[in-house]
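We just call them A, B, C and D in the order they show up, numbering each chain from 1.
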Amino acid sequence: MTAFVQATLYGLLQGGLLALVAVGFSMVWGVMNVINVAQGAFVVLGAYIAFALNSTLGLDPLLGMFVAAAVLFLFGYAVQRGLINLVINAPIYLTLLLTFGLDLMLVQGMNIAFTADFRSIPTSWAGKSLALGDIRIPLGRLIAFGVAVAVTLLLVAMVTRTRTGLSIMATGMDRGAARLMGIRARHVYALTFGLAAALAGLAGAMVGTVGTFNPAAAAGYTLLSFVIAVLGGLGNMYGALVGGLVIGLVEAWAGQYLPGTWVNAFAFLVLILVLLFRPSGLVGRPFYASRVEV
Amino acid sequence: MLEVAGLSAGYGRVQVLWDVELSVGQQQIVALVGPNGAGKSTLLRALSGMIPISAGQASFRGLEVGGRSIEQIVDLGIAHVPEGRRLFPGLSVRDNLRLGGWRTDNRDIGRVVELFPLLGDRLNQIAGSMSGGEQQMVAIARGLMGRPDLIMIDELSLGLAPMIVDEIIERLPDIAAAGTSVLLVDQDVDAALSVAERAYVLETGHIVLSGNAAELLADQRVRESYLGIS
Amino acid sequence: MSEGGAAPETPVLDVRGLGRRFGGLQALADVSFTVPRGRTLGIIGPNGAGKSTFINLVTGHIRPTSGRVLIDGRDMTGARPWSVARAGVARTFQIVKPFRGMTVRENVAVGILYGPEGTGIMSHALTAADEVLEQVGLGALADRPPGELTVADARRLELAKALALRPRLLLLDEVMAGLRHREIEPSLALISSLKKQGMTIIAVEHVMKAILAISDEVLVLHRGRVLTSGEPDAVLSDPRVIEAYLGHRYVKRQRAVSRDA
Amino acid sequence: MGTSSADVSTPARVATTTARPRAEARWRRPLPWAAGALVVLACLGLQTQLYTGQERTVTTIFMFVALAQAWNIIGGFTGYASFGQVVFFGLGGYTTAVVMYHWQWNFWLALVVSGLLAAAFGALIGLPLLRLKGHYFAIATLGVAEGMREVVTNLPDLTGGGAGISIPTVGPGAPTAYLGNDGFYILFLLLAALAVLSAGLVSRSKFGLALRAINQDEAAAGSMGINTTLAKVAAFTLSGFLVGLVGASYAFQQVTIFPERLFDVDITVLMVVMVVIGGSGTVLGPLLGAVALQYLSEYLRQHYTNLHTFILGAIIIVAVILLPQGVVNYAREAARTRDFSLLRNVRRYRL
């Protein structure tokens, strides 16, 4: 029995973190109808920034992650305003190709800058774990989970309460109508992409703390973002959180009971079935599909 | 206020409007009517920057409108309530109204609720779940939230019961009195002409009739342009 | 609407209680009528009356939620668009939809290749396409990309693509919309020549002049229901129709004016 | 009869009714077929001039010409941008490896069976997936490819799983002797010619016309009598068949194959890039795109070993922005409208 509880706990903690990895991807797809193939590269870039700050200045990743987020926000804003904005109205596979080119450059750039060795951010607290009866709770994963859920709730509050958040939601629902309100759609898109990159940066710092990473890990995080965004559903800020937790639990339970690595194959099967029978995802909103563009 | 001279516009190679003359005075209500496909909505889209003006000029309080982006025209003080209303379906009425006030960060919803009391107790309802009439009110209220000097309303009566159309139309004079001129585009000739001072009839992209609204109301040619019976 | 004395020949189109609901909205409800061979039915009604929904239901682009559609007596309710097309029903689109990346001639050839008498041979189809283009007056533009056509010519191409299917029933969805006065005359002439060749036509139109010129009978849709139907002149002067178009007070005032006169 | 359009004086353009030459049906025009045959002969001749290193590079170029042309049939003509075409590549490769390793089939039989199996798989998943559109179709096909890689990795006794599987190519156990560099050069040349031929035939045929109609407007295509479901699945199956054949030949060439290589998403993306940069929906486009891009990446790999993908990424970004419609479409449009400005191209999709 404890094995099941342990697996469930591990799944939840992992799921929260995976949600943080995917929430930016889901937002960019939901608001701007752009698939950011470089999402995984943003996450790994965030990890490297936190890692560099830690190894040079001895900065704890819990602080380093904010620097990583800031750097990635500026980078994301510039990439959208300068590049993606030029093909925003193009057939979708062109935006996909553009972000794929970006992914190639980022991953290769990191390979050159940081070599392909596996890294991990050493911290005083990540290794410890709390004991609850005979259940072991790894402290590092718990904190990462805490950060992930806190950031997601903060994001939901920002988007539903603040002026900027409202303009992002409105532009995502009906860009034409939003512009009629005087909203600068170009700026809102760049803000959204920057915000998504910052979130990926935060996730990267956390991932770098609880596990190991290298530039090649980017592809894995991009694929994960696909599955979580589709499973959770677009148009709902909690979509990524729900999707992340489900995938975290599935992986934890499967790792426990399903032999070998059938887990990933199962995850992709779930992805395809959701796309076929419930394209709006578990909690997503269908009206997103009928977006009006001007 | 708004002076349009020799205006032509269309979609890519397809020209829809042919040298349109039109003007809207200070605090005035002007109606633009005409059969379907006459180009009424195209004119409003050209004036709000959604489509480019291919020839002629449109000036608002002396400033040229042509060539400006949608956002810049909103900054000039022109609000456009688009065809099909296009509220933000997933957001509440309050959020839709707050977005209307985006330009000047005007959060004072009270003023527009006075105009449309029905909205008063519906502020938390999701816009997408309201009736056609209510959505039209929210759309106009949202337009007014930006405190525009001119509000252009497209197809006000589309899909609404006559009674509700009347209820909304009766508010237009108050809007004009409060300092916002109104350019009303509608198919319901009678409702539009009954509230407007001046009116224009547009047919296949040309202004065919214009003048005092009351005279036009009685003019046989208006019915003709609609039902084509000479 | 069947012919008086003649044996009741199966109508080309027989619609019974046709309806379609989108969530809460009943876009079309309980529409029934028949269109005998060689006759032309005009369908009018203000925006949002359900005209396009009706056409999309007959051509199979959307599936009805109630009622039946019979073409030449065969039940085609909910059939896929291509089976309806192969049963001899052709349509034009309200928003003109030429196939870019092909020439005007190839646009028409698609109908000939995939219509009821679809021939497999490309060159036969291309020659037949030239004939149809001549028939609608686009012979000179056969090699042009459709993107360069004017509104009037693009509408003619729509018509040519429909005729390429050698249809038994032709559904015209606002073929006259956006045409300037000088361009309406030639289109009317074209449609009347089709009528003379015995083509059965349903025309959805706002341009009343066109409805009057070509319709043997007119049906009025309002808010998804049949308001009335009958002879064109009678229908167009029916107060309910005018009210549907011009607003209820317009009719009241007109009546008041005529009473005082 | 209706007056001809000439007298309708539209301000934009007065249609001149010059005497119209009887335009030949596109497929009768001999020029493209002759040019094609000539190129194939030239490549055969070229083989004698190359030494091993260059020969292997050109062989890879032929492979990507075939892959790009195959993707063009579903992504270019029909407009369904699949991001999982590598699933057929992997399926073709592993079918050949399995039948040759376990049942000692000879390669040529294995090749045909692999192609047919890939085509059957295409039809099987095509029916449900081709109902999806845009991003959803792209991600669903990507999911299928990634899923299939996991399945193959988890069947070690059949496919050798992560440790890979080797095709017996030497000694008595080898059902078919290894073709060697010269042999594979000709094999991939033939595959490339087959793919280009198929694309050429499809593009000029009744079937190609239907695919283009679906690409432009599926609803209108339906009401012209085209069974859109059947046409889409047929295009997906044909594309799968061609990619399957190439996968099978690649497996035999590599002798030992691994799931990460045979189902690598970069292969699909390279196909897409080559078609997009070359000119989607044309026959010449993917051909030029494949030759140019593959030659470029070989050149970069040799001269800038670790900067290679970095520069490739930059080129993809620049190409997508400057030439969204691809070189061939841009050239054709520019020739017709005399407007060569790239700026107009950039402004076309801007917000």
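Methods note: contacts are C-beta pairs under 8 Å (C-beta built on N, C-alpha and C of every residue); 3 or more make two chains touch, one makes a residue touch a chain.
Note that the coordinates shown come from a computational prediction; the quantities given were computed from them, not determined experimentally.
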Label-sorted list of chains bordering both chain A and chain C is B, D
Selected pair, greater C-beta contact count between B-C and A-D: A-D
With chain centres defined as mean CA positions, report which chain is farthest from chain A. C
Centre-of-Cα separation between chain D and chain B, whole angstrom: 51
Measure off the straight-line distance from the CA centroid of chain B to the CA centroid of chain C, and report it in whole Å. 31
Chain A-chain B separation of Cα centroids, rounded to whole Å: 43
Mind pulling the chain B residues that touch 2 or more other chains? 13
The positions of chain C in contact with two or more other chains are 148, 150
Two or more partner chains touched - positions in chain A: 185
Which of the residues in chain D come into contact with chain C in the complex? 1-6, 8, 10, 12-13, 15-18, 20, 23, 25-28, 204-206, 209-210, 212-213, 215-217, 219-229, 281, 336
Give every residue of chain A touching chain B within the complex, in rising order. 163, 166-167, 169-170, 173-174, 176-185, 235, 285, 287, 292, 294
For the chain C and chain B complex, residues of the former touching the latter: 46-48, 147-148, 150-151, 154, 174, 177-181, 206-209, 211-212, 236-237, 242, 245-250, 253-254, 257
Going by the contact rule set out above, which residues of chain D touch chain A in the complex? 75, 81, 83, 128-129, 131-132, 134-136, 138-140, 142-144, 146-147, 150-151, 153-154, 265, 269, 272-273, 276, 306-310, 312-317, 320-321, 324, 346, 348-351
Which of the residues in chain C end up touching chain D in this complex? 59-61, 80-82, 84-86, 90-91, 93, 97-102, 105-106, 109-111, 113-116, 118, 120, 122-123, 125-126, 135-143, 145, 148, 150, 152-153, 156, 161, 164-165, 182-183, 186-187, 189-190, 193
